[in-house]
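For reference, chains read A, B, C and D in written order, and residue numbers begin at 1 within each chain.
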Amino acid sequence: MKKVINDPEQVVEEMLQGMIAAHPQYVRRVQGFNVLVRANSPVAGKVALVSGGGSGHEPSHGGFVGRGMLDGAVAGAVFTSPTPDQVYEAVKAVDGGKGVLLVIKNYTGDVMNFEMAAELASADGVQVDKVIVNDDVAVENSTWTVGRRGIAGTVFVHKIAGAKAETGAELAEVKRVAEKVIANVRSMGMALAPCTVPAAGKPSFVLAENEIEIGMGIHGEPGTHRETIRSADEIATHLAEKIFADNPLKAGDSVALMINGLGATPLMELYIVAHKVTALLAAKQVKLVKTFVGNYMTSLEMAGFSISVLKLDEELQKLLLAPADTPAFVQM
Amino acid sequence: MKKVINDPEQVVEEMLQGMIAAHPQYVRRVQGFNVLVRANSPVAGKVALVSGGGSGHEPSHGGFVGRGMLDGAVAGAVFTSPTPDQVYEAVKAVDGGKGVLLVIKNYTGDVMNFEMAAELASADGVQVDKVIVNDDVAVENSTWTVGRRGIAGTVFVHKIAGAKAETGAELAEVKRVAEKVIANVRSMGMALAPCTVPAAGKPSFVLAENEIEIGMGIHGEPGTHRETIRSADEIATHLAEKIFADNPLKAGDSVALMINGLGATPLMELYIVAHKVTALLAAKQVKLVKTFVGNYMTSLEMAGFSISVLKLDEELQKLLLAPADTPAFVQM
Amino acid sequence: MNECLIKAIRAVGEEIIKNKEWLTELDSAIGDADHGINMARGFTAVDAKLDSLLGEKDAAAVLKAVGMTLISTVGGASGPLYGTAFLRAAAAVPGKTAVGRDEVAAILAAAITGIKDRGKAVQGEKTMLDALEPAYKAFESGAAEGKTLAGCLALARDAAGQGVEYTKTIIATKGRASYLGERSLGHQDPGATSTHIILAALADFCRNTEEG
Amino acid sequence: MNECLIKAIRAVGEEIIKNKEWLTELDSAIGDADHGINMARGFTAVDAKLDSLLGEKDAAAVLKAVGMTLISTVGGASGPLYGTAFLRAAAAVPGKTAVGRDEVAAILAAAITGIKDRGKAVQGEKTMLDALEPAYKAFESGAAEGKTLAGCLALARDAAGQGVEYTKTIIATKGRASYLGERSLGHQDPGATSTHIILAALADFCRNTEEG
C-alpha cells in the first residue's frame, strides 16, 4: 500500500481537519464529531439537508456542504457507514426549525444507522424525514437483493433538493423533489483497477492486466462481473445502454449527464467517455441540459468511472441550474 | 497499459470533442485545430489570454477557458508542446482588438512554439505579448538549466491575469499582473507512481513499492531524486520548506495555497497534505486567503501531488477572489 | 457474577481483535473489506468502556453500555445489528445481577429478535443470523438436556460453526454481498463468522470458569 | 535530382519511423517519452506532403515545405528546431535544382545556425547539436579531401555517432533533460540520436545512389 498518509487510523480525522482548514469560508466542524456543517449553520427558515456515508468518496459528501446543496455531511470510517450518534449530531447542528431531510445511499448499514439517528432526533422533537437513493442499475434482480445501490446519482439529489430547500420550501416539498430526482436518475460504473482501504492495507480485489470489472460499486466491493477490456466506446455504450434500458428516453426528453471518475481516472479518459455518451444521447435526439465531468463520487484511488443520466422535467431543470457554492461544486 | 481509450492516436481529438459536447455553454472549437476558445470569442474590448501545452494535464488548460480566466487553450499531443500554427489560430480566434497575452510554461518546446506563433501573429498586426511561468522550485541550479519549470502555479496566473483582463485593462497591465503572480508563486511536487503516455504504451519510469520521486515535473519525466516513502506530514513539510526557502514568508503575509493532485491521488490524501501545510502556514502567522484542493494541473494518471504557494498583495488578492466561470474553475 | 460478565465480554473482544484481519479478508471477498476493522474498533471501545463499569452490579446496565458503545463505534451494517442485539439482551435481563444458563438463553433469543427487527433478514440470507439462530436452538436443546451453561455454549458454538459452513452454500440476499448474486457462492459470511467467534469465545470462557 | 532529394527525405522518414520506439525509450530515460512519437508523427506528415511536391524542381521549395510540415506537426522542442533547420536549409540553396556536395555542406551549416538561433544552445549541452556540429566538421574535411557526397556523408554519420556517444558523458544543460542534473549522465541524448539516424539514412541513400 502506497499512500500519502500518516497513520491509517487517522485518515478521516486528518482529512476533516484539512477540509476545515482549507475551506473555513464554507464549512466548520461539529466539535468532537466527524460532521461538517455550513460555516453559518443552522440556517433559519430553511429545510436542512444532511447526507454522508463512509469516507473515501470525496468530494462526497463534505465537499458538497454549502449554499444550494447540503447543510451537513457525516463522515464514517473509510467505506463504513457513520454511526447514529454522529448523524444525530449533524441533524441537531443544522436544524433551523424547518426540519431536516436525510439523503441516504441505499446500503444496509447506511440505512440502519441513519434511521436510528432519525429515531433519536425525532424523540427530541426535530422534524426528520429521509430519502434513499438507489440509482445503480448494475444490481439487476432487486427482488433478490436489498435493492439497487446508491452511487454517483446521489450528487444530483444533493444539488436539486438543496436548491429546493434554498427556496424556503417545506420539508415535504423538498422530499418530494428529492424523490423525483431518485425516480429519474440511473447510473452504472466500471473499474480498471481496485483501491486499498488504508486500514486494510491491501487491494480489495485483483484484476489481471486485461480485465475490467463491470457494475462496480463505490466501496471497493466487486462488481457484477468481469470481462476483457474493450474500447472506451464499447464500455461506455454498454453502461449507457443498461441505463437507457432501465429508464427509456425518447426524442425531445431533457437530461443531465454525469461522467464521474472513481478517483484515479484522468479527465482525458472521462472526456473520451463523455464524447461517446453525448453522441448516444444526440442520436436519440435527447436534449443535454448540462454535463458534469469529473470526480464527484469516488472510491479512493480506484481507476474507473460511472455514468449517471437524470431525466429532467421543468422543475428539476430549473433547480439543477440554480446557483450553488460549496468547496467542490460551484455553479453561477 | 490499461486505459479507458479507443485509440492511442486519437485521445486528444476525442477528448476535445468530448469537451465541446459536454460544455457548449463555455467552449467551442476552432474548426480544424486543437484549440478551444470561449463560446463567445472573440470578446471585444478585452485583452485575450491564450495558454496551452501538451495534453495530459487536464483540466489544464481547456478546462480554464471561460469568463475570468482564459480565452483560448491550445492542446498539443500528450506531453508535447503544441505547434506554432495551432497557437497562431488560437490567437487569431480570440483577439478582440486589444491584444493577446500568451501564458507559457517554461519548457524549451513550449517557449519555442509559442514564440514562433507570436512572430506569425505579430506579422499579421496582432498585438501579442507573453509571460513565462517558472514556479517549480525543485529545479534548483537554474544557471545550469533552462531555468525552473512551469507547473501548477500556472493556474494562479490564468486566474489572476484573467480577472485583470476582464476589467478591460490594457495588454501591458495584464502582463504586469501576470508577471507579478509569476514572481510570487512557488511550487513543488512529488510522485508515488508514474503515468503512461498512451502512444508510448508503458510507464515512463518505475518506482519500487517503497520509493517516491521528489521534485516531479508534470510530463512523466523523473524528478530530482528518489527516496524511501515517508509520512504525509514529512513529505509535505519537505516540499513546503523548499518553497518557503525560495520565497520566504513573514508573519502577516497573505497567501493563496494550492494542493494539486497529479491525477490518481484521492482527495482524502490531498486534504491530509492540506492539513499539514495549513498548519505550517499558521505557525508562521501567515494569512491564508484561499485554499484550492483538487486536480488542477495533472500528469495523466500519475499518483502524487504538488504544493503551490502564492504570496498576495492587495491587488493580487482582489483579482484572485474575483468571479470566474469555466468548466473546471467556478468562483462566485 | 457481573465481574464475570465483564470478563466474558472482554474475552470476546480479545478474540474479535485477534481475528480482525481474517474477518476483513472475508469481507473483501464479498463485501467492502471492513468487517474486521469495524468490529475491532467497536470492541476496543467496549474494552475501554468496561473499565468504567467494574463496580456495576446490574447485568442489564453492562449489556446496555456495550450495545450503546457498539452502536456508536462500529458503524456499517454490523454496528446497528450487534448494537441492537446487546440493547435487547439488556432488556431481556432487567435487574439481574447474575447471568446463568437461563439468562443467556433469554439473551440469545432477544438478540435474534433485535437483529431481525433491525435488519429485516431471516435465516438463509447469508447473514449473522445463519450462525446465531442454529446456535440458539442448540443452546436450548442443551438446556433441555440439563447441560451446564458451558455445555450449552459449546453446543451453540458448534452449531454456529456449522452455520458458517452453511453460508458458503447459499447466495446472499441481504447486505452488501447480495449485490454479487451468484458470485457470493462459495464464500463464508463475515458476520456469521464473527458471531461464531463471539460464541466460541464465550464457550471457552465459561468452560474455563466452570473448570477453574 | 530533386526527385532524388525527395527520395532521400523519404528514406530519412522511414528510418525515423522505424526507430520511433527506441527514440521514445531514450526520451523516457531523461525526458518525457515522446521524442520518437513526435518525430514519427512529423515524418509521416512529411511523407504525405512530399506526394504533392513530386513535380517540384526547386530544392529550396521542397526543403521549405518539409520545414513547415515539421513545424506544424512535430511539436515539443524538436519540432521548431528541426523545422527551423529545414527552413534555413531551404534559404541556403535558393533556386537550386540539383543538390550536390557543396549544397549539402551549405545546408548543414545553415541548419546548425538555425538550431542555435532557435534553441540558444551550444555544443556540449547534450542536444542534437552534439551530433550535428561534429558531423558538419567531418563532412567539410571529407570535402576538402575531395571525397564524394556519399563519402562525406559517411564521415558525417560516423562523427554524429561519436557525438551521440559523447552525449552519454555530459550533463544536459538545455532542454528537458537539464532538470535532471547529474542524473542525465550515462544516457544518450534522444535528439542527438535522431540526428545521427537522419545522417545515417542520408549516407546510405547516397551510397546506394552513387553505386547504383
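In this section, a contact is a pair of C-beta atoms (placed from the backbone, for glycine too) under 8 Å apart; a residue touches a chain by one contact, two chains touch by 3 or more.
Small disclaimer: the values here were computed from a predicted structure and weren't measured.
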item: Touching chain A and also chain D, the following chains; value: B
item: CA centroid of chain B to CA centroid of chain C, Å; value: 55
item: Centroid spacing, where centroids are CA-atom means, of chain C and chain D in whole angstrom; value: 76
item: Chain centre separation (chain A, chain B; CA means) in Å; value: 28
item: Chain A and chain C, separation of their C-alpha mean positions in angstrom; value: 32
item: Interface hub residues of chain B, defined as touching at least two other chains; value: none
item: Residues of chain D touching at least two other chains; value: none
item: Graph class of chain-chain contacts, one of line, ring, star, complete, other; value: line
item: Touch relationships between chains, expressed as pairs; value: A-B, A-C, B-D
item: Chain A-touching residues of chain B, taken from the complex the two chains share; value: 2-7, 11, 14-19, 21-23, 25, 55-56, 58-59, 63, 192-193, 209-210, 212, 229, 231-233, 235, 257, 259, 263-275, 278-279, 282, 288, 290-291, 293-295, 298, 300-301, 303-305, 323, 325, 327-328, 330-332
item: Touch list for chain C against partner chain A, complex; value: 24, 28, 30-34, 37-38, 41, 71-81, 118-119, 171, 173-176, 178-181, 183
item: Chain D-facing residues of chain B, complex; value: 54, 76-86, 107-109, 112-113, 116, 138-139, 141, 144-146, 149, 197, 199-200, 204-205, 217, 219-222, 224-225
